[in-house]
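Pasting the structures in now, so scroll down.
Presented sequentially are two complexes of chain A, the first with chain B as partner and the second with chain C.
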Partner chain A sequence: MGLLRAVALNTFREAVRDRVFYNLLLFAVLLVGTSLIIGQLAAGQDVKIIKDLGLAASLLFGVGIAVFLGIQLVAREVERRSVHATLAKPVSRPVFLLGKYVGLLLTLGVNITVMAVALFAVLAVYQSVTPAGVQATWTAPALDPRLLIALGLIYVELAVVTGVALLFSTYSSALLSATFTTAIWVAGHFVGDLRTVEQIGASGTTVWVARLVSWVLPNLALFDVKAEVVHGLPVPAGQVVAAVGYGAAYGAAMWLIAVAIFQRRDFK
Partner chain B sequence: MTEPVIVVDRLTKDYPVGFWRPRPYRALDALSLEVAPGEVFGCLGPNGAGKSTTLKLLLGLVTPTSGTAHIFGRPVSSVASRERVGFLPENPVFYDYLTGEELLTYFGQLCGLRASEARRRGTALLDRVGLGAERRLAIRRYSKGMVQRLGVAQALVQDPDLVILDEPMSGLDPIGRRDVRALILSLRDEGKTVLFSSHILSDAETLCSRVAILAAGRLQALGSMTDLVQFSVRAWELLLDGVDATLEHRLRETGATMTTLSPGRVQVHLPGTQPPEPLLQWANGAGARVLALQPVRETLEDVFLKHVEGKRRDVPGTTGGA
Partner chain C sequence: MSGLRARARGGRLPWLLAAAALLVAATGFQMASLSQRPVRDLPAVLYLQSPTVARRAVLSFDMLAADLYWLRALQHFGATRLQTSGPRTFENLYPFLDLATSLDPRFVVAYRFGAIFLSESPPGGPGRPDLAVRLLEKGVAATPDRWQYFQDIGFVHYWWTGEYDRAADAFSKGAAIEGAPWWMRSLAAVTLSEGGDRQTSRLLWRSLSQTAENDWLRRDAQRRLTQLDALDHLDQLQAVVARGRLSGLSAPWSWAQLLQAGLLSGVPIDPTGVPYVIDINTGRVDLDRRSTLWPLPTEPRGLPGLAREPR
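And then the complex of A and B:
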């Protein structure tokens, strides 16, 4: 437990000392801020635009940071050989990998918190400049606490993406890992479509392959409640719990496969 | 009988080489050796001999193709085998976003120390390797030799009983080398076991109780310095000045070989076990001056060259297997 914490905190420290992390974060916050101006331009429009943009920016930049830092988690250590001194200490490879994973989750937690604060600040400003009469037409209040559910599920999605990045990072170079992880992230949003290919009249093998791929890829649509939250539609608690459980299971599976690969690696 | 600290039994490592059709390349071939507690053991050999491979196998960084290795009775595949071991990798690289002090604290924690304890040990060790003034400096700003010193410090972070150093002198200035030599001797005096690899034979000669000489992945020689190096005199070397033709002829008759350095100044090499005294008398009688007289003994370098020269790796992958 102490070992895990030490590795995780060191990984966190590595991220927060990386200038790129701040640049990405700053850029994301700026984008959320810009949504205020866009909201103003589309005068008379709903507060929905700001929420939409804010959530989308949180996801996009979160994925950016998850991929950028995730692929380096292990690949960089192996390439630069800093892993030699570390793994020569009495720390097992599974604990090392888990510590790295947890450390990055901490970093992403900080990242999503900053994004949430920025989004709520922008919404508060927007609310204060909007006449009460206009506010009455909104389908959901500006400072809707359910935005936190959407942000929470975005965080779980980031955790899954990080798991994928970690897995690739244990045996592939940083560049390849980045490409694969991004591809899987994109594909992960269409998993639902793959599961219904037979409805559009696909043949036997195609259905079979599509099913298989849909089980291997993470079903990221499960984490997407942005539309519901923005439009003030209900989000059932059961759905949220199921999504969190799925995300945790998928992340754990990524870690286990990463361990299986990493255990066999020779460090040159 | 004390238990050996390290037991290596027919340890073999093949690396796959080639992208399309990887073939095994034998980096280490059936190495067997034991290291006893309190020994300073040197692992010597030319480039590519398999020294680093051996040390990495001992730390579990590389998995053996066959054979076994145990440290303190535990198989090297277990995490527990590394509890009492400190390791300095070859050309070490550390997390450059940390300061020296932070690195040692982190590594101390990985060895199971509490943060405060790890920090305390870290500070003491940085002083010990001469980095006390740089302990708050980011490792990114360290020079090569400073990183090497830091590497030595981190190998000692949990006060290990076995210290394994891969080329500890590399990248160090003469003062740094002297410091590391002194450090190895003080570790020995503390009763610790030290295993290090080196190309520098004079270091091995003065530090090691025993050495192994590796070449082309095979153990070529193993033993204490007295076992390996014949300390008896093998020849004499004289330096004479004012040698005339008669004296030169007379010297040559004894079987000595001569090199004329400048007119009248001759270096005489008298092989075998012949006593040099008669030569001194002749030189005296002929009015030549004796500038130097010294015995030629075998050095570790001679032994090393004898064992290493002409040793080639067999065709990759075909060695030992059949």
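And then the complex of A and C:
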């Protein structure tokens, strides 16, 4: 446990040293800047647009970090040969990978927490300057706690993407890992289409292969409740719990495959 | 070592200065290039035309993409209205609204405002009530429990197409939805019996102004009510001119002439405080183009057999 914590904290510190959290500044500027402009342009849809933008930016920035730090998790250690020193200590390869994974999840957790605080702060300002009569027409309150559900599921999605990046990082170059992880992230949004591919005329083996691939790819649509939350629609607890369970299982599976590959890897 | 660092910092400065100078020069070139460029109105580009493709292309950013298309629709409508030269074509308005509502099928304001924009007759809008109804029917398909869409459909039929039976049908359908206000049923009945009457129009706009969920919709309804007041004023003023004509007055018509004849006690002003204008040759009274109420709406034609006060 101590070793795991050491590797995880070290990964987190590396992320801080890499100035990863500078993206928060960009996020804050984007959110505040947009909120100032949107009020003039959106014909009464300012709160909706700020929520949409805040959630979309949290996901986009998070995926950026998950992909570009995730692919370096192992590859950089190997390149620098620091992996030799680490593995020479009593750190097993599974613990090393898990520590790296947890360290990046910690980074993403801090990142999304600060983004959530910034989003709520902007929405709080909007709420305080909006007359009660206008607020009554909003489909959901500005400071809707359900936003946390959307942000939480975004975090789970990021955990899955990080798991995929970690997997590729154990055996591929940084460039290829980035390409593969991004491709998986994009494809993960088309899982529903793959399962209904026969509706666009596909048949036989194509349908079978598409269905198979759809169960192997991460179904990232499960983590998308942004529309429901922004429109103030109910999000069943069971749906959220199942999505979190799916994300945890998928992320763990990625880690296990990464371990299987990494265990056999020779460092000379 | 520290000397080396200092030298490195000192060596960086000329490069930064040179870069800054080049950026300034680039700005100058950019401005020069823009000033030389012939002015041309580029059409609003619709990068994605198919809502189905758009939904897939934006991955899970559909809500944000819907917002962007909504903003583009607003910009396109506003910019085209303000256009001073060339024909005002709102050709991309419906596609923008269609994309916004396909990406976010619960985008209530896009349906409701969109219908208002599309219905508005030229030159202030594209004059496409058919598309307005199509957009609202899409909203009904997405959220059948929103009686407001039926209210808007009825409104478009009442105000813009003059199909009172369809308007009444829409109001009736809306009234049948749980949570719909009681007056929706009255609207249906009144529309069928007295469609085209200004009082009915006033009733419709008042109902919208009282129930609109959006400030803009409420303001628009209130503006329409004020326009109806202005129409009443114009009818009264036109009657004054007719009386003047009967008492021997003739062109050139002016307010001064009517004031001198004792037919008016002051220069008449519209509800926004801008004086009405009188045509010097015909004596026709109208709104000043500088008034924010201009242009006045074309009133729906009355039901056959229903007397309308002449303007």
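The rule is short, and it goes like this: the second predicted complex is superposed on the first by the 246 of 268 C-alpha atoms of A that agree within 3 Å, B and C clash if a C-alpha of one lies under 4 Å from a C-alpha of the other, contacts with A are read in each partner's own complex, and residues count from 1 in each chain.
As a working rule, contacts are C-beta pairs under 8 Å (C-beta built on N, C-alpha and C of every residue); 3 or more make two chains touch, one makes a residue touch a chain.
Remember, it's a predicted structure, so these values are computed and weren't measured experimentally.
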Combined model on chain A: chain C and chain B, fit or clash: fit
Chain C, chain A and chain B - angle at the middle CA centre, rounded to the nearest 10 degrees: 150
Contacts of A:132 with chain B and chain C, given as first, second, both or neither: neither
Which superposed partner A:1 touches (first chain B, second chain C, both, neither): neither
Partner chain in contact with A:17 - chain B first, chain C second, else both or neither: first
First (chain B), second (chain C), both or neither touched by A:92: first
Touched partner set for A:80, first chain B, second chain C, both or neither: first
Touching partner for A:237 - first (chain B), second (chain C), both, neither: neither
Minimum C-alpha separation between chain B and chain C after superposing on chain A, in Å: 11
Sites on chain A touched by chain C in the complex: 41-45, 48-49, 52-53, 55-56, 59-60, 134, 137, 139, 186, 189-190, 193, 220-221, 224, 226-227, 230-231, 233
Residue ranges of chain C in contact with chain A within the complex: 56, 59-64, 66-67, 70-71, 74-75, 104, 106, 108-109, 113, 213-216
Contacting residues of chain A [partner chain B, same complex]: 2-3, 6-7, 10, 13-14, 17-18, 80-82, 84-92, 264, 266-267
Chain A-facing residues of chain B, complex: 15, 56, 59-63, 79-80, 82-83, 85, 87-89, 91-95, 97-98, 106-107, 109-112, 151, 154
